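Notes follow once the structure below has been shown.
Chain lettering (A, B, C, D and E) follows the sequence in which the chains are written, and residue indices restart at 1 in each chain.
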């Protein structure tokens, strides 16, 4: 069972290759291969999960083979499986499977259908690699590969300039974070002498890593998590990433890849735990992100972007939880969020598939046309907003409780974000599915999606509804995913019942207000927009973060232009081709310069040499007595030397 | 005749044979060039097979007295440092020759010079006698001069002479350094192995001067800032096959020389120079990347990216540890593969569109999927994507250098980011976005081009996934090398 | 005393004639001055007791070379001599250089003690010279003949009228 | 008067010259080329004598001359150059058939003078040898009477020569005054006595002027470009190789071994002149558009490199000069031979004549590139080994490292103009694309020199051994 | 009279000759100036021989050789002058100026 877990990513890799090479001849143009592999993976993950809960396997499990050695150190390829891994594995395989099924409908008829599935399989493989690997080096590799897949999939419809741009933006922004990863990893290597996760954790647990080093490494590593998991200030790429097909958004930019940052922090939690400073950075960045992203979602009219901001906000929650010390809560939120956010994205995809627009202002009243989509979207919304007894309620309140335990301000920020979440989700729901159709043509054209698309929606909806409750039965999740020394997972403690009640009421209230405002009195939001136009502008400009990063890029460009002009105009022309300018001046001064010299002057170090040569050549006047004079000079000097010597 | 001599002499025979064929028999000339370069590749494959990866000693040594008056030997051999470079040279030459079948101008001369160039390059990597090394080193110059000057772009003549003078200046200084080493050994010898043992005992000042003389020669080849200005020009003007060799092999001669001789023979000076070298390495990385970003010309961009990548190599070398050295050598090899194929790919598009202006294209991925795929793979490899060849070397360079120079490494990472930025921007502009209908008539890659490029792409992936192919060759020697430097 | 008078007389003749060679505008006059100068040098030789050289100087130099030069001067037109400057523009640096040389040389001459006088009276040299010429110096002596032959060949080659 | 037998080769050569001169007066014009062959054969015969007789190891001395391996080596070089020159002359159109006898005779006499020079141990003897060379060469330079360039080159050569001869003779007179003899043996033994004698030093310095003129050392080089350009091309080749190397050989004997310049304390002066010579030669060569002029400046620069070895003057330095002389002989001769062929086909010595030569005659172009690269000092050609040798001596001496560095910089500069010719041949196109034919005699020269250029570069050991022997027996 | 007198005379003669070589425009004038310089050397030889090395005759002999060489040189020189006069119709050296640079 466990011994064969390493096959999972390899199989996905193989599937990717298979689809790319032979997809044409496979059923469903190759989608079948991807789906089959994903299904198998899911079954394995589920089996593992069950066994792990029942205690049928001993964790953690580790196996590795040598990969290559460098200067006395060894890099390995291997798997490291503990509860955390299994939880993540379940998320990845499940969402991947459902998204792939869904995509057969969504991507139907796309000219690059085959390639899409290849990318999806490649992504799944890399993501499984991130999840399973035993070595931070391989982790980094798969991490980057995930990024590339994201790049390829965001820019899947690359004929759209915006899609191409978004892909690049996503890649470079996350790459910025990756620099932190690289340096952090180097720090970690020199602190521990190894890339093996198990050894690093062991050393960290033993406290063998100095806190300062651990803190530095942890913060640097957090930079990369911030990039991939779209934390402040690097979250700017995620809204733009919605240029990709909706299933991609569901899989990569909602459920799995963006959660990888959280997963990484959780993976190296022992290192983070060594440094309170690092923990604080994580917590506060998470809180800030949760708040900012939620506020950004308030004014957004693009359905997918609303969901994207929502994702960012929820990721902020997870980080906040981890930073606050609530290890299990963070991971629990990751798990539930993966399902309902994937659901929301897929439902949104279904809507977009029907009306061919992302803009909520052109939708409305779609609940009649697309009942299944509507119901599932509604369930997802409820789960997200944290209305009991849906999944989000269990996880989010856990996070808020942890925040409260840690720091009341953290809790306040989190609660505000929760309120906003409820509000904007209500807004989105109402604008999309309720009210009158705003674009009649699009409305008429709309229709319910086919079964391959609604099927996964229903499944996910079911999971979203029950997962929170199920996973907390018998401390199931807590047993699986825990960290010694972290805050306990304590929903059932009465003291935190208050938090649960409070947050549920806030969410419900906020949601009701939102729904009422947008359904019954749509003029009020419009009025508010006008009244608070500076705030709205700030939100629409995304707190000017985009502008800030564009400025950075601009500075980079200027810098590069300057460096190149230095290289070309100064270093090459002036210093090396040296004196060319001087020579030219000199040549103008001296009328006797021949034409061919100018031809020759286009030359190396030599321009200076040439001018020296020209001077030397002056001596060769052709007048014999000038020559003789030189001889005479030499003779006289010789005579003088003889006398002097 | 030993295997190494056979490897070196095979292309020479080919070159002479070509000289004997009338210039009108183009197919025959191409055939001969291909056969002899392929034979050379096969022999180097044999070299890979017989090479013993467990020892750091020189292998397949052949030593024949050549000029006893100066105690000069024809002395060849390989160790982990050079064996992979020999194979790389043989491989890239074959591919470049295949690619160059599209050359129609003065075919005979082209392949003559090309094979002669191969002799020089192989010779540099197998020589263990410093004099012999120098002879081969210079031997690469002349063919290169003609290859750039006759078959190059619009400013070919300028580029050719600039390349020639620049490199010659460096190598002549190197010659003085070599002579200084020679006269400071007892008995006077050019034997590198012996020199390494003897020169390390020289006083610091002497070592510094010799190091400097050698360094200038090597640095120009690498090219290390500020001696790099010949490179963009030469690359841009050179024909595709030659650019490939230039980037893939010739640049490596510089770093190879430093690691082969300068470091082990002059350890005191090496340590003395380290603070400068790390600064140069960082400048190369950051500055090269930024310069590349400013380029509108695809080829120039790749050329400057070479400056950046050789900076990684230097970075690894400044680590003075086995990790860094491993990284540096691996980086040499992978850079050869990656940048070589990037130059091929640039050549492919230039052959079709007759422009390399990045802004002139757009959306090519839709119509040229194979081309776009290969280009994206190599670009990703070049910007250090894990799983592809570029990553491991680069990572090891950083890893090695981090221990000694954490802050410099921190600065150097900017280079990674900028590299990613300019490469992705290039991909966006050239391959993505709406298709530029101006290029509707162009065809995707043909068989000749695929044969030249696909092996490199395959190797890029294979080495990326399983770097032991290279590292196992390198590691023992590097461990030994670090041992004698420290 | 007589000796001194003769020397200074000869020195004056030589110097003035030499200056004439160098400075006189008409080439014809210069050539005549050259003859005079060479004759003066011959006088110096005589005063130093070198009988054979005196004869050779008169015969070869004055009789041969100077006359030859005169011939050429006549052939190659002295026409413009009076009209154009005969001294070129670099006379000043030349003068300075000659001054420098002269100064340095005179300093060197000063090394040879001024008091030195010949230890013995001059003897006839012809016999001794003949001995040397047919003895140790036979080879240079023969070589000179080839040199002369070569120069003669050249003269014949260049001196030919435009026959071809 | 003893050991006259040692001069047999020179005597034979002079006699052959005389015979050819006479024969030239009687032979029909149509068959006059026979005289070239006669000259070649006699030079070859003497060359054979040199090789067979001495094998570069026998030595002996007469009253004024000496026979040692060094002298033999230079005789070998001179005779080889003579043979090459005669071969090049056969098809040189500007020599009228009726003057072939004169031409050949003068050439042989000049060579005879050079051979004498290389063994001279007495200043009178040396002076006469120098004059024999000078006078023959003056005439040979002006041999194309109809060509004003030839005449002008000759007269400039002559006037420079005249002045330096006068200075040299004056120097000899001072030497005589200081030592009482013109013999270098006695002069050498008297070095210690005269070190503080300014007359002695001045004499030696003035002697240096004479040699400087012959090897075209700056600032006595001015005649060289003009004379080289004006002279018939074979004569140019001859002047640049034989005349220069013969004088260099004698200079080596006098200033590097008999009366070493270190003893005279003028090392720095010679070093400075060497530096000037190579630098000025190279810098000026950059601007030349005429191949003969370019090669003239190049040969000035080459003399500068050779002088490095003379400056160092230790065994390695002297060996390096000897080796360099050998290298220079084959390389420069070859280059001139190609230049002659090209000029013969295109009628021009301008560099434009080389445009697109590779398309017209690839073999010739490659060979020319080889010569040029050898001159520039690129391995594996003999020029490289020679430069390597010279630089090695400078590096070894420590004291003259700066000369080596300067030499390096100069080499780089020189490559620019050498490769400029290569550029023209390979990169440019010419309007005339007809192949350039080579006549058999010139082909012979080119073949031998190019083979030697390559062979001596690849396997220099034999020749290194040779020069080592020469130096170890050199007086 | 002493040796120094003769040497001084020779030095003056040499300097005058040198000056002539450098300044005479007429090529024949230069030739004549060179002859003056040679004569200066001759005076040296004879004077040295007479004062320092009496009883030996190498100096005298050398003078004879020099006179002969001078004659040979003048012959060739004048022949060359004739040759160039035929070509350029000038005896002024600054007109011999085709070759330069």
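Following the convention adopted for this analysis, a residue touches a chain if its C-beta (ideal position, glycine included) is under 8 Å from a C-beta of that chain, and two chains touch if they have at least 3 such contacts.
Just so it is clear, the model here is predicted, and its values are computed rather than measured.
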Chains contacting each of chain B and chain E, listed by label: A, D
Those chains which touch chain D and also touch chain B: A
Farthest chain relative to chain A (centres taken as mean CA coordinates): C
Pair of chains joined by the greatest number of C-beta pairs in contact: C-E
Closest chain to the centre of mass proxy, which here is the mean CA position: B
Rounded Å distance, chain A centre to chain B centre (Cα mean): 35
Cα-centroid distance, chain B relative to chain C, in whole angstrom: 71
Rounded Å distance between chain A and chain C, as computed from the means of their C-alpha atoms: 101
Between chain C and chain E, centroid-to-centroid distance (C-alpha), Å: 6
Residues of chain E engaged with two or more neighbouring chains: 7, 14, 17-18, 21-23, 25, 30-31, 42, 49, 52, 58, 61, 65, 69, 72-73, 76, 79-81, 83, 86, 93-94, 96-101
Shared-contact residues (touching 2 or more other chains) in chain A: 603-606, 617, 620, 622, 624-626, 628-629, 632-633, 635, 639, 642-643
Where chain C touches two or more other chains, by residue: 88, 90, 93-94, 97-98, 101, 105, 107-108, 112, 137, 140, 144, 147, 150-151, 154, 157-158
All touching chain pairs, where touch follows the definition stated at the start: A-B, A-C, A-D, A-E, B-D, C-D, C-E, D-E
Chain A residues within the chain D interface of the complex: 594, 596-597, 600, 603-606, 609-610, 612-614, 616-617, 619-620, 622, 624, 626-628, 630-635, 638-639, 641-643, 645
Chain A-touching residues of chain D, taken from the complex the two chains share: 155-156, 159-160, 163-164, 167, 198-199, 201-202, 205-206, 208-209, 212-213, 219-220, 222-223, 225-226, 265-266, 269, 279-280, 282-287, 289, 412-413, 416, 420
Touching residues on chain A, where the partner in the complex is chain E: 617, 620-625, 628-629, 632, 635
Contact footprint of chain A on chain C as seen in their complex: 88, 90, 93-94, 97-98, 100-101, 104-105, 107-108
Interfacial residue positions of chain B with respect to chain A in the complex: 158, 161-162, 165-166, 169, 226, 229, 233, 287, 290-295, 321-327, 363, 365-366, 380, 385-387, 391-392, 395-396, 398-400, 402-403, 406, 409-410, 413-414, 416-418, 420-422, 424-425, 427-428, 431-435, 466-468, 471-472, 475, 478-479, 482
